[in-house]
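Encoded as C-alpha cells, here's the structure I'll be asking about.
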Amino acid sequence: MRIVVTNCNTTRAMTAEIVRGATAAASPGTTVTGLTPAWGVESAEGWLDSYLSAAAVLDTLRTHQESGQPYDAVVLAGFGEHGREGARELLDVPVVDITEAAAHLACLLGRRYGVVTTLDRARGPIEDSLHAAGVAQHCAAVVGTGLGVLDLGNPADDERTLRAFLAAAERARDAGAEVLVLGCAGMTGLQQAVGDKLGMPVVDGVGAAVRLAESLVGLGLTTSRAGGYAKPRPKARTWGSGHGGPPSE
Amino acid sequence: MRIVVTNCNTTRAMTAEIVRGATAAASPGTTVTGLTPAWGVESAEGWLDSYLSAAAVLDTLRTHQESGQPYDAVVLAGFGEHGREGARELLDVPVVDITEAAAHLACLLGRRYGVVTTLDRARGPIEDSLHAAGVAQHCAAVVGTGLGVLDLGNPADDERTLRAFLAAAERARDAGAEVLVLGCAGMTGLQQAVGDKLGMPVVDGVGAAVRLAESLVGLGLTTSRAGGYAKPRPKARTWGSGHGGPPSE
Amino acid sequence: MRIVVTNCNTTRAMTAEIVRGATAAASPGTTVTGLTPAWGVESAEGWLDSYLSAAAVLDTLRTHQESGQPYDAVVLAGFGEHGREGARELLDVPVVDITEAAAHLACLLGRRYGVVTTLDRARGPIEDSLHAAGVAQHCAAVVGTGLGVLDLGNPADDERTLRAFLAAAERARDAGAEVLVLGCAGMTGLQQAVGDKLGMPVVDGVGAAVRLAESLVGLGLTTSRAGGYAKPRPKARTWGSGHGGPPSE
Amino acid sequence: MRIVVTNCNTTRAMTAEIVRGATAAASPGTTVTGLTPAWGVESAEGWLDSYLSAAAVLDTLRTHQESGQPYDAVVLAGFGEHGREGARELLDVPVVDITEAAAHLACLLGRRYGVVTTLDRARGPIEDSLHAAGVAQHCAAVVGTGLGVLDLGNPADDERTLRAFLAAAERARDAGAEVLVLGCAGMTGLQQAVGDKLGMPVVDGVGAAVRLAESLVGLGLTTSRAGGYAKPRPKARTWGSGHGGPPSE
Amino acid sequence: MRIVVTNCNTTRAMTAEIVRGATAAASPGTTVTGLTPAWGVESAEGWLDSYLSAAAVLDTLRTHQESGQPYDAVVLAGFGEHGREGARELLDVPVVDITEAAAHLACLLGRRYGVVTTLDRARGPIEDSLHAAGVAQHCAAVVGTGLGVLDLGNPADDERTLRAFLAAAERARDAGAEVLVLGCAGMTGLQQAVGDKLGMPVVDGVGAAVRLAESLVGLGLTTSRAGGYAKPRPKARTWGSGHGGPPSE
Amino acid sequence: MRIVVTNCNTTRAMTAEIVRGATAAASPGTTVTGLTPAWGVESAEGWLDSYLSAAAVLDTLRTHQESGQPYDAVVLAGFGEHGREGARELLDVPVVDITEAAAHLACLLGRRYGVVTTLDRARGPIEDSLHAAGVAQHCAAVVGTGLGVLDLGNPADDERTLRAFLAAAERARDAGAEVLVLGCAGMTGLQQAVGDKLGMPVVDGVGAAVRLAESLVGLGLTTSRAGGYAKPRPKARTWGSGHGGPPSE
C-alpha cells in the first residue's frame, strides 16, 4: 500500500520527521511518501496560517495527482489545520486528517480524551476541526503548552518540551481526559515518553491516520461522491500569486 | 495478530458467518477466533435481549480469558448491543464494538452517515450506543428494514432482504446520509451488492472493527485504566441461574 | 397499591434498607415488596457489574412475574445501573428507575442539580443513564465521594460518610447545583442529615421513584407499547450459566 | 393535602374544568382549590398573552398568599405559559407547572414524547418552556391542531376537536413520539378518548402536576433557595394599571 | 430615524441614563425617546421581577402605540428580562432586546464572549434569554458582580463598581471569554473604562441594540408575521389590578 | 465610513454587483470599495473552491492593507466560504462575513430562519460556517436551488431563478423557517421580489454585513486580540505558486 503524507507547512525537516513517524506506525508492506508544499507557511499557527496552509496543501495534492504517480490514500499531517474536506472532493482515494484520526482512536480507549497542543491560539481551529469531523463530543479539553511548532525540536529528547507537555496533560486530566492526543504533527515520537509518565494512553495523529487510511483501503472504501464531497466542478482556478509576504507580516 | 470476535447471540451459524466476514476483512497475518455465548438469546432484538446478551458476552469473555489462550484484541459483534464498556474494564487488550467501529469509519467517508438495521425496535439501542461512543453527531438517521435478525439468511443472495435494505437506504439518504452503515452483524457481506446499487460507500461494522482493532494493536494502544475503565474490583459475582426462559416469554 | 422494589445487587441487607426507605417514602395504602437477585454481584461498581446486574435484575423480574403475584409498579433501585429499558419491555406495569426519578424531581426544585455518588468509576454509567432518560440537561455535575457501595453502612450515623458526602456536595454546588441527588440506593436516609447541613434540598432516588410510580399508577398510565418498548419477541432465552466467578475476578 | 391550582386566564368556566380534572387526578385526602386571575387575558395564545398571563398569575398567587389561607403546593395550569420560575421565588411551597409535569411523566413511559396543542403559535412558547425546564431532549415534536383555546369546549364530546387532535397526534407519531402530551389545560379529560383510539399513553398536564406536587410535599421537598430561586428582594412593586385593552387589540 | 427605548423598571433616573447611552451610540439623524413603565418594579432582579416587568413593558408599548406617535423601532432595555417575543407580536416595527443585541455583536469580535451582570440571581434569566435568542452557543460564562441594579450609580466614576466588575471579568476571561458584555442597562457608560483596563472589547447592550435597530430599519426589514410572531388575536385583555404590593414583599 | 468589500471569486462582474448591493444598503456617508482576488476561483462551489478562495481573499486583504489606503471595516462577500477568522487575525479593523451577518439579523426577525443557496454541495460549508460563528441554533434548514453561482445572472429579472428560489423557500418554510436568508452573494437584489411573494422577510447577507460593520465601527468596537484572534506571528509566508490549474480540474 502506498500512502502519501502531506506536511501542512514548508519546513522540509518536519516533513522528514513526519515521514519517520508514519513509517514507524505503518503496517508491513506500506510505503510512505512525504510531500512538502512548495509555498505557504513555515509553520501553521493560527487561522491565517491554517487557511494559507490549506490552499498550499490542496495545490500540492493537485500537482502530485497530475504527476501520475500511483498511490492509495492520503494523510493530511497538519493538526487542526483546514483543507480536509477539499482534499476529499479532489481525490479519488481515501483522505484521513491526523486531527480526526487521533480523536477516532482515542474514543476507543477511554470515555473522554484531551488534546495537548502548541500555542493557545491553536485551540480554536482544533476545536472547530473536531466538531466538523463529528468527534468533538468526547473531547474533554484542548490545552496549549505555550510552545511554538518549530520550538518542538526533537520532543522526546527535550526536557523543556516534556515538562510543558506534562503540565498541559495534567490540566487535560483534571478536565476529565482519560486518553491524550498529541495535538501537533511535530510531537510525533513523544507518545512513548509521555504515556509512561502519565499512565494513560497517548495517541499520535500521524500514526492513527496511517492506520485508518490502511483500514479504509484494505476494506475497499473511499470517499462518498453522493453529496457534499462530489468531484469539483470544472472551472478556471489559479493557485496563488507566487509573491512572498514579508517575514514580519 | 489474534483477534477474538464474539457473537452476541447463541446462534452458532451466525458466529460462523461473522467469522467469515471478519476473516475476509482482516489483514494478512491476522487470525480470527469466534466465540458463541453458551447462554443468552438466539437473536438480540430490543432492550431486554440486549441486556441479556451483554451479560452473556461478558461471561463468555471472562471464561475465555481464564482459559489462558493468548489473543491481542476483542471485537464485539452485536450491532447496537450493550456490554462494550464492561468488556473494556474486564480485559487488558483493546476492545472494539462493531457499532462504533462502523460509525468511526463512516465519518471519514462523508459528511453524514445513516444506519440501516433490522426491526424498528433496534433503533433505540443503536442511537444510544452511538451517542455513548461519542459518534452520534454525524448520524443522519437510523432506519429499520422490518426484517428480524434471523430472517436475514444469506442477505447477498436474497432478493427480499436486498429490496428491504434498499428501501430503507433511500430513507437514510433522504435524511442526509452520504454513507451507509450495515446495522446488524448478520448483514455482513451485503456491502458490495448494496453499495453498487446505491452509489455510495457501505460500511460493515465487523470489517471496520477488525481493522480498528488491528490498528490499536499495531500502534501499541490499549484501553485507558486512568478513569472509567479501571479494572473491576475484586468481589463475589455469579453469572446467571442457568434456567431457561420459555420460548414465548 | 403494591410496588415491587428490586435491589440491583445480591446483598440482602441492602434490600432490607432500600425497602425501609421506600416504605417510609410511600403514600398511605402502598405496600412495598423487595426483591433481591438470586445471582449477579454483591455490589454494582462500574460497567461490568452494571451489565451483570442488569441481566440478573431482569431475570428476577421475569421470575417474579411468572410467580403470578399481583403488583402495580416496579422500582429499580440501582443508581446508574443498566436494565431500565429492558424492564419496560418485559412488564405490563410502570417501571421507574431511581436514577431518572431523582433527576425528574430535582428539576422541579432548582435550576440545576448535582449527583453525589460512591466511587468515581460510577460517574460514567450515571451520566449515560441520565442522558438516556432525557434529564441530563440540568445536571451540573456527578461527583464521587470515594466510598464503595458497601462502605456506606448506615450513612446517617457515620461521620466519615457524612464528611465525604458534604465535601462532594460542595464540589457539586461550585459547579452550579442548587439541589442534590443521592447517587446510590445505599445512601437512602442521608437526605435529612445532609440537607440540613447544606441548606439545599436533597432528593433520594428510592423515595422519588416510589412516588413517581404511585403517580403513574394513580393516573392509569403505563409504558407505551407503540415503539421502542414493545413486548419482547417470543424466542429462546437462557439466563446464565449458574457458574460463580472467583471473588478476585 | 391542599393544592392550589391557578388558571392562567380569566375565564372562570375553564378554571372550573381544570379543578374538576385536578380533583379527579388527585390522591384521596387531597383538596384542590382553583384560582382565577382577576385580570389578564381570557385565553392565552401566543407570547403577548403569555407574558400578560404570567404577571396576572403571580399577582393572583401573591394576593392568595397574603390572604393567609394555608396550602401545601401550587400547580400552574397554563400549558407553555410563562411565570413558573417567578412563582418558585415567591412561594415557600413546591410549584409545579403543567407543561414540565406532563413531560416528566411522559419520559417515564416511552423513549420520545410529542405535544399536541391548540394553535401553531403556541408551539414557540411550549418549546422554550420545555427547554428551560430541562425536559426538551426527548420531545419529538410540538404539533398544533389549529383550534383556539376557547374552541375546545368539552373536548371529549366534540367530534371536531377529537378529529383535529387525532390528526395532529399522527404527525407527532410520525416524528417519533411514543407518548402524547395534551398541550393545553383545556384539553383535560381528552386523555381517555384519545389514548384508546391511538394505542399510546396520553398524559394530561393537570393530572401530572397534581401528582408531582403531592409527591414533593409527601417527600418533604420544596424549592431550593440556594441559587436562582432565592426569595424576591424587598422593593416597590406595582401590579398593573387596571386599564383594559380594547378587545380588538 | 425614531427609536423608542423602554426601560424595564419604573426608575426614571435610570431611563434618563439609558437614553443618554442610547443617544451617544446612535447614528446621526436618529432620535431616541425613552419610556418608563407606569407600573411594575423599581429594579428587576430575578424571575418574579422579570415577569412583572415584562407585562409592564408590554403595557407601556401598547399605550405608546395607541398614542399615535410615529416611531421606527423599539429597543427593550432590560438585560435578561422577559417580554421580547411579546413585543414582536404586538408591534409592526422591529424590536431589539439589549441582551441579544450585545451577544450578536460580541460574536463578531471574538470566539467566545462573557457576560458580567449584577446579582448572581440574574444569571438564570440571562442564560435562558440568550438561549431563546439563539446566541448562547458562544457564551463562555455569565458572571455576577454581587451588586444590585440600583447600587450601580454612575458606574464609570465609582471605584467599587469598577473593582467588582473587573473581578467578575477576570472570571469570565478564565472561562474563555475574549469579549465582554455589560449585563445590565445601568452599566451603560462603563465600556470605555473597563475595556481599557482589560484589553478586550466591551459591548454595551443599549448601544448594540440601537445600532441593530437602525440596521433593520435601514434595510427595510421587520418582524416576520409568518409563524410564531403573528399579530395577537383580538380578545379581552386587562392590564393589571393597579394595586401596589407592599415594599417588603 | 469606508468599507472594503471583498468578492470571494475572481469574477469582476460579480464584484461590481456586490458593490452595488452593498452601496444600496449602506448608510449615508459610507463609501464602499470592492476588491476582486487576483487569483483563486471564478466561482466558489464546494470545499476545494472555498479553501482556495480563502487563501486568495486573505492575500487580497494583505496586499490591500500594505497599500496604505485607509479603511474602517471589511466585509467578506462569500456566502459560506472560509477565511473569516484569518481576516480577523490579519486586520486591525472589524471584519464581518455575509454568512454570519445574515444569520444575526435573521434571528432578530423570527424564531427560526432558513438559508436558500445555490447548489446542494454548498450546504455543508454553510452549515459549518454558521456553527463556527455561533448562530446555527435557530437555522431551520439550508436548502439548495440547484443553480450554480454564475447561473444567477440578474436574479431579480430571471424567471427561472425566481421559480427555483421560491421552490427552495417553500421547503425551508416547511422546515420551520419564518425568515429567509439569501445564501449567495450573487443573489443580492433578490430580497424584494422574493419577500413580496413569500410574505416573509428576506435577508441579504451583503446588506446585513455592511450594516453590522457600520455598527461596530460606530460603536468603536473591533476584533479582540485577547485570545484566538491575536495578530499573526511574524514568519515566512508565500502566497501561491501562480500556476493556473486546467479548467477541467
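The first chain written gets the first letter, and so on, giving A, B, C, D, E and F; residue counts start at 1 in each chain.
Keep in mind that, in the parts below, a contact is a pair of C-beta atoms (placed from the backbone, for glycine too) under 8 Å apart; a residue touches a chain by one contact, two chains touch by 3 or more.
None of the values given here were measured: they were computed from a predicted structure.
The minimum number of touch steps separating chain A from chain D is 3. The fewest steps needed to get from chain C to chain D, moving only between touching chains, is 1. Of all residue numbers seen at the chain A-chain B contact, over half occur in both copies; the interface is built from largely matching residues. Here the repeat of C-D among A-B, D-E or A-F is A-B, since over half of its contact pairs match by residue number. Averaging C-alpha coordinates per chain places the centre of chain E 29 Å away from that of chain F.
Remark: chain B and chain D have CA centroids separated by 44 Å (rounded to whole angstrom). Touching of two or more other chains is recorded for residues 85, 111, 124, 131, 227-229 of chain A.
Taken in their complex, chain E has these residues touching chain D: 10, 38-43, 45-52, 54-56, 58-59, 62, 82-83, 85-86, 88-90, 120-121, 123-125, 128, 131-132, 148, 227-230, 232-245, 247-249. For chain D in complex with chain C, the touching residues are 25, 27-28, 94-96, 100, 104-105, 107-112, 131, 133-138, 173, 176, 178-179, 198-201, 203-204, 207-208, 211-212, 214-216, 218-219, 221-229.
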